[in-house]
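Each of the next two complexes has chain A plus one more chain, namely chain B in the first and chain C in the second.
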Partner chain A sequence: MSRVLYTAANPPARSAWEAINPMRMIGELSETRYWMYLLLLPSALLITAVVLYPTLYGIQLSFREMRLNRPALGTDWVLFKHYARMLADPIFWTALRNTAVWVTSSIALEFTVGLIAALALNRNLPGTKVLAVLILVPYFLPNVVAGHMWALMLDPRLGVINDLLVKTGLLTGYKAWFADPSTAMAAAIIVEAWHSFPFFTLLIMAGLKGIPTDLYKAADIDGAGPFAQLRLITLPMLKTIIAAAVILRVIGLVNSPDLLLILTNGGPGRATQVLSLYAFQTAYKDFNFGYAGALSVVMFILLMGFAWAYIRLSKVNQD
Partner chain B sequence: MATLSIKGVRKSFGSVEVLKNIDIELEDGGFLVLLGPSGCGKSTLLSIIAGLEPGSGGDIVIGERNVNNVHPKDRNIAMVFQSYALYPTMAVRRNIGFGLEMRKVEAKERDAAVQRAAELLQIEHLLDRKPGQLSGGQRQRVAMGRAIVRDPDLFLFDEPLSNLDAKLRVEMRTEIKRLHDRLGTSVVYVTHDQIEAMTLGTKVAVMKGGVIQQLADPQTIYEKPANMFVAGFIGSPTMNFLAGTLEQMDGALALRHGGATLALPGLEQDAQAFIGKQVVAGIRPETFYPGQGQGTLSGTVDVVEPTGPDTMVILNVGGQLLTARLGSRGRPKLGDTMTLGVDTAAINLFDPESGNRI
Partner chain C sequence: MTTNFSRRSVLKLGGGLLAASALLPQHAFAQAKAINYWHTFTSQSEQAGLDAVLALFKAAHPDIAVTPENIPNPEFMAKVTAAVVSGSRPSVTMVASERFKDLLAMGALIDMTDRVAKWERRKDFDDKRFESISADGKVYGVPSFAFVDWMYYRKDWFDEAGIAVPTTLAEMRDAAVKLTNPSKGRYGYGLRGGPGGQNIIINIMEAFGSPVLHADGKIGLDREKAIQAIDFYAGLLTKDHAVPPSAANDGYRQIVEGFQTGQTAMIYHHTGSYQDIASKLKPGVEFGTMAIPAGPATRVARLAYAYNTITKQEDADTAWQWIKFWGEPDAAVAFLEKTGYFPASTVAAQDKRIVGNPMYKAAADTLGFGIPQPSFPGAAGWAESSVLPNFQRVLIGQATPEQAVDEMITALAEATN
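Up next, the complex of A and B:
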């Protein structure tokens, strides 16, 4: 019997089945560089379907006419018509200004209260474990529930808060907080801060657990007081967490109109009209999807710009 | 520089007493090592000295000043932590100068002090780095720099070398000793490593269960341990304990263990009261030597462990295993019968009931 020497130049002959065996074909494919794209394909398809397509659809909508209550106008491309209209739209500018006030004030308040609560709860005093759970309760409430609850509590006739303020002499008469343009925004901000400060508490507490206690002992010996320790050790060490929390909250606040929708619906007048609410009303009250799309695109660009600038300024990436 | 007096210090966590009536006096410029196994209370005692934790009783006096109610920053102490406790977000320069910065020392003066400390520890080139960019040994140096920059009355070291690898640990140990010789500041040093205690300390307090077992200079602790715990804790390999009956033989004392008898001429201890009673003889491995001697023990070779300079021989003497540290020459074979002489003057006798040295 003669022995055959198989080499690369002289491979063994394949049987007919071998040539179409799917397992063999997959095996060979897995050795090529296309394999990685094949593995990425399911996630890529999913992301395209649920993220990329809706985003691109929204963007193209902003360049088209689409008013559901005036079908005669058609759905033609209008290029930058909506954007040009936006520049001349006083409501847009009011909403933009209100959004800035709404977001910065709410976050400043939420962060401050959240930080104080986290620092207090981190002291491991008796009862703090129970309090740590209780303090999260507002965050568990859906916005709609929290909104209605506060609307009732701040109600000029039935509300318990007015009652308490009048009885303690802090207020002379019952006040309609959401009906007065000078107090509507502030009242809404307080409700929002009450609802969302536990988000900061939760994240900051997690961050505090990661700071070694030896640092505070060393700082004690070095002569740093509580405020210096907070400023020079705690806050710098929480920088990444704070940056992430602020970005998430800003995105949440800019994008969700629900709380203001329930509390004020943008009023009185336009005192609490914000961009997300304006876009929502434009789409679902005026049925002007083209203009609402343009408003959404502007919000999207503003948020991208904010996140980029904030990460750069807070130097999170440098450590 | 200052003296340190620890007078009757106690500490309880609830009903658990972790420090029981601790009394220590440290001379000016002395190096006190608190040595003991985990949970013996040594770190708690250090925290009380630092003021990071309140004591349940007793006094801490640094120099002439009772500091019981003085904040850590006002005790004029500096501390090096096991974790180094460097501020991660600050560069080395600011880390070292942080204590001065908090004391509102002018920037110019502060920089000069930091520079001096950095030169002393040879870390000038690291001043602008963040702690995260340093190796373990470099962090250790920065932590020491932070301690010496303020020129304190007292240095406190809490197991500062535990996180270093073996080679670096030896280097830094030498460094700490050199620094102490140079600066002359009093030191309290916590460790569970007996070699660190023996090499660094001018005074060693061996602790167990919140009680000081022995407070003495390292040589005394090694040669005349106060009890069997200290005897067993200090020395590697550990001291051999040979139990037996103490007898009078030919005008001298002897220990009878099973069939073997170990003559004890030249024993320094007064053990007359224990004649006829059970005692435990503590024999350091290095007090054995091959051949006959004042006292002699015979047994079969159980294990031979060559370490390079020495050969450790574990000998079975009447059912009890004894470790002998012999020179590198001549390796006995397993199962051989071996006769070893003992330097009987170096033997310590203990009362088996109390565990104390007779």
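Up next, the complex of A and C:
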């Protein structure tokens, strides 16, 4: 009896079912270089549908006339009309300046408090697990809830904060924090920092767990104190995490007007008007989607520029 | 006994079940008609009023299920705009009169002219009630209830100080100044300089002789008269110090709480807040109601209506049943008793439960001289994006009345050109 030797050049004959068996076909496809593209296809389609298409649509909108309550104006291309208007629009410049203050102050405060909280919780002292949960609670609150809660706490009539400050002698009378342009932005920044500092705490804590303890032991032997260890070991080792957290928070702060919408609605006057809120109001109060699109494109460019510059300056990708 | 299934018999059985399951839900839906209703009711009293109307409707139309969906007022236009653009419209939408022109321009509303004309209760409604929801001879909604502007005042404080109820804005200012006593934490007037305050500012400008929408249809402000109005109204804070220092950020909640807690002597709102006020203060003893005082040029008290409109053609017939039910006197009075919102129907407004209550006299008087909110495409956006922030700038000392009015005029031109 002769034996048949099956090789790649001489495969065994397939039955009709084997030829169309989808599992076999998938198995064979997984061995090819097209498999990677096939796996990426669903997410690529999803991103195209929910991110890329709206982004491109928004960009083209910024070059068109699009006022929903003025259909007679049509939707013709207007090229850079909206961008030219922006340059002469004092509210845009006020909003840009306020956005810079809002974002940098909030990030600085959130990072500082978040770092301190993470370092404290990382010491594994008794009760830190409970404290870690409590510290994260503000972050789990929706912006709307946090906004209304603080609006009541800072209320000039019924607010507990005013009451405490007056009773402790720090204030002589109840203060209308959000009605005074000199305190409205600061009060909103404090609310924002309270709400979002746990984001930094969470990420920094995760990063701290990954730093080898040997480094600290060696630093101890070399006589490095706590601040030297923080400066020379902890912060450099957390560089990538901090960079990612800062970029994510900056994107969130620039894009989300909800907290300011609840606390101040951009007022008093234009004291807390920021770009995202201005774009929102332009689109949904004035129904001028063309100009709102242009404002959004400017925000997009600013964010891209910031992310690029920040990554370069922090030298994250050089490690 | 064993049963053998062939592949063909299994496929037949599956196909039959599939066809049956596809038919069943359609049959079920055909029995119960369902619509959704977008509204802006937020307070407890408003919710109670809506629940009362829903209960009456359910009893009258057990075959129709209404799903109410609350859209907070500040987000209302954003949600409706998104729904129209994305094609996910609600069956029925509550529309405030000042939003009508914007919604009509974006194609959100469906013509209801024929339905309204054939409606058996059409004669219960004065023609004027439909003016703010009509354009080019077509009717796009039915008034469900009225926002009648009036003022609340602390009757006990006025009596104690021997001050008469003001009938002009000048008298109102004098009373506010006399009743202000910062050492007691009392202010004469609760000025709404925050969200929602823009309409009052427009009213004051019109009372001083500067309407934004003129009788001939032209749009524009009379600069000098508008400046006088802003100077007067902001002056209640900046010159007279007769309003709480938080005025620039005070919205509905703040002015009502300020009045309820004894901080302010007068507030300007409409009948819809009556039950909220009456839940904390005794009507006729601690507080009273008065018609909006007259300005130097005219008396401006808005008589605005909330309209129910059909916004989805597919549900139009069912939606119409819900919309016209609001015109039934029992529904209108039930809603009034829970909220304070006045009936839009003339017949319902004559109900003895309304005319027999002296607290409603100011509102009943206002029905005689009240005027609708100015409505033109861009009106609501201009009021919120320019009138309010520029008025706030005067309140906080960042602009003069002249600068604020100039900004308003520029923004008005941009909004309407």
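Of note:
Simple rule for what comes next: the second predicted complex is superposed on the first by the 275 of 319 C-alpha atoms of A that agree within 3 Å, B and C clash if a C-alpha of one lies under 4 Å from a C-alpha of the other, contacts with A are read in each partner's own complex, and residues count from 1 in each chain.
Assume contacts are C-beta pairs under 8 Å (C-beta built on N, C-alpha and C of every residue); 3 or more make two chains touch, one makes a residue touch a chain.
Because the structure is a prediction, the values reported are computed rather than measured.
Superposition of the two structures on chain A shows chain C fitting alongside chain B with no clash. Judged by the touch definition given at the top, the superposed model places A:P268 against chain C, while chain B stays out of reach. Once the two complexes are overlaid on the shared chain, A:L232 sits against chain B while remaining clear of chain C.
In the superposition on chain A, A:D163 makes contact with neither chain B nor chain C.
With both structures placed on the common chain, the touch criterion links A:D214 to chain B but leaves chain C unconnected. Note on chain A: of its two partners chain C and chain B, the one contacting more of its residues is C.
In the superposed pair of complexes, A:G223 makes contact with chain B only, with no contact to chain C.
This overlay, made by fitting chain A, leaves chain B and chain C with a least C-alpha separation of 50 Å. On chain A, the patch touched by chain B and the patch touched by chain C do not overlap at any residue. If you check the complex, the residues on chain A that touch chain B are 212, 214-215, 217-224, 228, 232-233, 236-237, 239, 319.
Residues 68-71, 155-158, 176, 178-181, 184, 261, 264-271, 273, 280-287 of chain A touch chain C in their complex.
On the side of chain B, the complex with chain A involves touching residues 50-52, 71-73, 77-79, 81-83, 85, 87-90, 98-99, 102-103, 130, 132, 146.
Within the complex formed with chain A, the residues of chain C that make contact are 74, 77-78, 81, 85, 101-102, 105-107, 193-195, 244-250, 254, 257-258, 261, 263, 377-378, 380-382, 384-385, 388-390, 392-393, 395-396, 398-399, 415.
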